[in-house]
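Before anything else, here is the set of structures, which you'll find just below.
Two complexes are shown next, each including chain A; its partner changes from chain B in the first to chain C in the second.
And now, the complex of A and B:
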């Protein structure tokens, strides 16, 4: 052992600080010496997780793609590379790319686990110059991209993450500045939506449909009921129907003039965060009450909209009863629904369920005005294909040029 | 991204423009800046390198320009008529409102430009803006978040409508003056997605060319119309899509145009019906700016 300690490197005449030191020469001039010591060096290099990080996640996820496997994969890398953290930047980028597949892209704990891959203390700047000139730029940019990934997915960091960032990059780093910005702005915008949606949406389709309908319904007296078409004999589609109707809407159906038809319109699209739903509306023509009201207020509106006439007395010459919220400009909304299949058959079953509480509906003719929710937007898909073909053509052309 | 203090930038611009012709060694500085990806101080043009694909010859430009003359002279005449009228000024009172645009005719819709990422080959989103049978403006399309594999674009998916800048005769920019009002009013019917309202500012120095004030227009979704009343005090300063550290309340006499953007990173069709956009004066609204203006660490560099 003593002789080992005394042995100096032939080229640079340096001596390792301690015989147990893990430091090795990595200068390209000396690499051949390492090769001479270990003939399998190249093979070992290739075995490193870094070189196949994306496949590494796929291999780890042979059983299931969930949070547990993802955390296990990251921990395994950490155990393997505990000392040198070889290629941790590349590994962080690879794991960010794979997060959505494992459905952990909205999970703060997983982001913290990934941040744990950065070595502590090592990347801190030693002077204000280093701090301003972005010490360890690749690592800092990687951490900034991690924070941006969080922001894109609506994840707000917490204090622990801030302390972790201080431990890794220090308080003066560019990463920490980004964290500070996020901590200032994101909680401000978190509750700005006047039509709030829960952060984590339920997995059950019925619960989701309930949420979507409750959000769309303006009437505070709105009631949501769930039906299963298994009970109906006439229903061909065995699915669920979630229906929204208020007492006012029931009264509107009762007061429908005899012989007037109602329409089922849809499907329209509504969103709850990243989930979209197709909904249908039971509609009737505009009521007389709404028309009268519009005639009176419409006149007034024209007066008020022109700027110079606001001194005019705005007292109306006539009186009219204010219509309910359901009496919109383009018709009266009588009920809304979301069904499991969005088929015409399921809508027919919905009407049957509605007849129980709205007996007048059984005497009313119903017209189905159904269209695809993406009507007028289908051509986009075709255009997309054309674009893809064009890209392929371009690529081929490029290849032939480079080959020739 | 930090905003560069405008004074120091001003100096940079002065030196480069004044001496560029004389000093040959200064010239290459301009050319080495890539127009789109630069984060530096210098801005080459107002559109950051996004140019229109339509190329015209000088003859065509002349022809087009002469054709526009008649209309512009008419506009000038109207302006002077208005000036010489000496309209009385009445103070705006609580509850007064002014309709900016009502989207019931094609002319108003044509005043708006529709853009999306596919226009610049940076994505695959599609969008259109038109009047429907009920005489409402419909902004709809398909938001596609697929990133083109060109190695340059990092993320994609936006669709936008933007009003033309307000112009006096002979295409002189004439920013809107909304200082009398406190709120923006939108009567709209959306699909539950959050849209972004963007007020483009008319500012002189190139660091501030991309200054916009932004706030979200949240939609309810469903068959009911909604009226969104958004105070100007909630609009925050952003530049090139990034919120800025040093915030200032919006200058309501510098507004060049208004835009509505969708870019919520959700792939799928979208639809926003708009009835009108109006301005409202609410006397009870005393808030100047919704965000803190104190400096928490005045000695820090950023």
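And now, the complex of A and C:
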């Protein structure tokens, strides 16, 4: 009994990510109890999922891959299985797999439509024993997996979903307990990121680059500008340049000591959820102000009579001026940029644009310290690889099932 | 110790009143302040009359044609000239800061050349220090004075902003950065220098007069200097010594704000009191309602404190040759400016809707009162000045003690005596060293005792704070603000007690009334002092400073109010 309770508790928490393992790990012991006669039950279920996927979703996918066609596929299933809702659990699993393809995996309404597939009054327990022992375990686990899918994609359910779950499984169910936990934690976690990424990222590369730089900039006076190299004749690459610089940084450039060089350090990667960007930083050596501040605060005299009364003396005798946030230990950050092609030529164009607002730059020698590959690498290769891999996996799975 | 000095003899007081009386009549009866405010200009006839009174040369020595009023007499006169704030500010800009530089630091030739015509009002003076990028931070001015090849002329280049009398002045006291070679190190550096600049030198242009909320009659505008030639004889003091001159000019003029504001509020209080006496609501006269009565008590107490502080400070300045009353003057300025704003607001409140209309002068007084907290050193800066100026002395004395405290085992005797001393002082009823209760009239003696207890507690608190923060106390502005608030209240209490004690002792008319006022004011002041000292000793976490820091950072990070709207939903 104790191990059964433990198993039940474990069932409520999050499950591994593979789409197929979900269908199988539905309390395997209980499954055996229910379908002890048929040794091929697992394989039959997998086959049904793939069949559903192919019949309803792949057809719609050929027309278009959006919310409308997804809902249409679901409605088509409902039309076919109006009375008995045969295989609705497998259909739910199939639809969960297909959501990413149709780009509805972050849409709450779609999840509600999928939840609507469960029959309404049938799955409710009639006694407290039934409720305790996870009445209709396969269906409850399916619903739990649906909620898990929502959680992984950052979708917070709403009150309507709760009422729907009560209607389908009753308030005493394991699914509803899961829903309650989600509703407690997920809204609290929603705003915990101190550097939040917007929920719906724009598609435009320039906008994304602006967002990425704005997130990295600590100075409240930071200004982001967008340049197109089309305006510059000498540029070989035709691309956009997004540059971030604040007035403090411009003042730092103006007050660079003569003869000191600046470096363009590059090939750093930053992420906005699943999209990565390569950014470059214009840096100079550690300023004298930062060195003085370190020296003086390091060996502070630490007595009460040496503070600077700024009404009596013009300049502080001993105190150091606090350096700005850009003056770091390893150097001074003067500007940042993200370019479309991340090539050395685009960086040269960037410097030309910076010289307009920072005339002192034209007199300073610039050194390029570029580490990662920058010639011709595209920014969004990672996502393409991910999609290819997923397609490969589905193909393999389909092959194993048709073989088995 | 708690003495309210009598700076003037009986004859001097009578002469002073005779001088003040016609001026007061002019300001209250003949002057149309409303039209000055509406048209934003002081008519020439008014200015001529003021010149005839000799008010343009109040502090200039008689040999140069002025009235040579000492600080007390000048304070008395300021009570009257403050009745029209625009005229008061014009006069103050002319003599309190405009020509003060020549008075305190000028050579005999400079005085003989400029003061006579400034005294008669033929020339008007202005004080040009503030620039667009340096208001409170006077050391960061960017106007440059370059020495010519022959070393006989400076060329001024720069712009000044918010200059009162900027459009009408003929003589400017201009502060600019000139290159100086340091005697000791031999380094070249740019230091602030003061110059007397005549408009006739050329190269001086004005911007248009600013359209202001209050003191609209005074002329405030930008002044541009374009290669203005200034002969080297016109440097005030030494080349490179301008910062100290600027500070001493500003410090010397502040205390008169106490009497200026007191005079203005007394005038508008009279109108409000008259209204309260005649107006009936709920079948009762306004003057019989407790809340209204409390308002008038509050205002009377503030006026009493302002007057007491102003005249005590003035008397102290008069009594000593080179008095350094900069901290006291700053205290008077901070207290009077904030009290003036609150009292003007309360006077308007008594009138209700009528006070809000332009038919009554209350709204003009309220608008004029607002500038007091901003000019002559913003109140925020002056609070830091008061606190730092006071703590500096404590810090020097403590420095040795603090180094000894770092090494306790070698200084056991010192540690024990220090511990006993602290224990003695931290009790609620410590041993009082000054015995202030014997210095005042017995009717106000209990307050004197409370004052002394707070003084000792204040000393204890400051020592604590200094030993925690050492020199970083400069950055702890909220601690400095509380320290200065306590200092302001303590000084106010001192002056009020001194004056009440004197009035009771010599049997002034309405001395009992003064005693009540003193009690009322000191009770409120003691509450504030106790609260501030408690907050200081409680530390930044318990008194809210720590949270305030974080909240403000979030507001700036968000670019505004950072909370979600009350109606917004999370899911």
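What we mean here is this: the second predicted complex is superposed on the first by the 294 of 404 C-alpha atoms of A that agree within 3 Å, B and C clash if a C-alpha of one lies under 4 Å from a C-alpha of the other, contacts with A are read in each partner's own complex, and residues count from 1 in each chain.
In this section, contacts are C-beta pairs under 8 Å (C-beta built on N, C-alpha and C of every residue); 3 or more make two chains touch, one makes a residue touch a chain.
All figures in this text were calculated on a predicted structure; none of them were measured in a lab.
Residue contacts after overlaying the shared chain place A:97 against neither chain B nor chain C.
In the superposition on chain A, A:207 makes contact with neither chain B nor chain C. In the superposition on chain A, A:42 makes contact with neither chain B nor chain C. Of the two partner chains, neither chain B nor chain C is touched by A:160. Judged by the touch definition given at the top, the superposed model places A:187 against chain C, while chain B stays out of reach. In the superposition on chain A, A:231 makes contact with neither chain B nor chain C. Once chain A of one complex is fitted onto chain A of the other, the partner contacts of A:216 are limited to chain B, with no touch recorded for chain C. Common to the chain B and chain C interfaces on chain A are residues 304-305, 307, 310-311. Listed in rising order, the residues of chain A touching chain C in the complex are 156-158, 183, 186-187, 190-191, 220, 300-315, 319.
For chain C in complex with chain A, the residues that touch the partner chain are 137, 139, 191-192, 243, 247, 385, 388-389, 391-392, 394-396, 398-399, 402-403, 466-467, 470-474, 556-557, 559, 570-571. Contact residues of chain B toward chain A in the complex are 90, 93, 96-99, 118, 124, 126, 134, 140-142, 144, 148, 155, 191-194, 216, 218-225, 243, 245, 265-266, 268-269, 271, 291, 301-302.
Residues 132, 152, 177, 181, 185, 188-189, 192-195, 212, 215-218, 268-274, 276, 279, 281, 283, 304-305, 307, 310-311, 325, 328-330, 333, 336, 373-374, 376-377, 380-381, 383-384, 387, 391 of chain A are the ones touching chain B in the complex.
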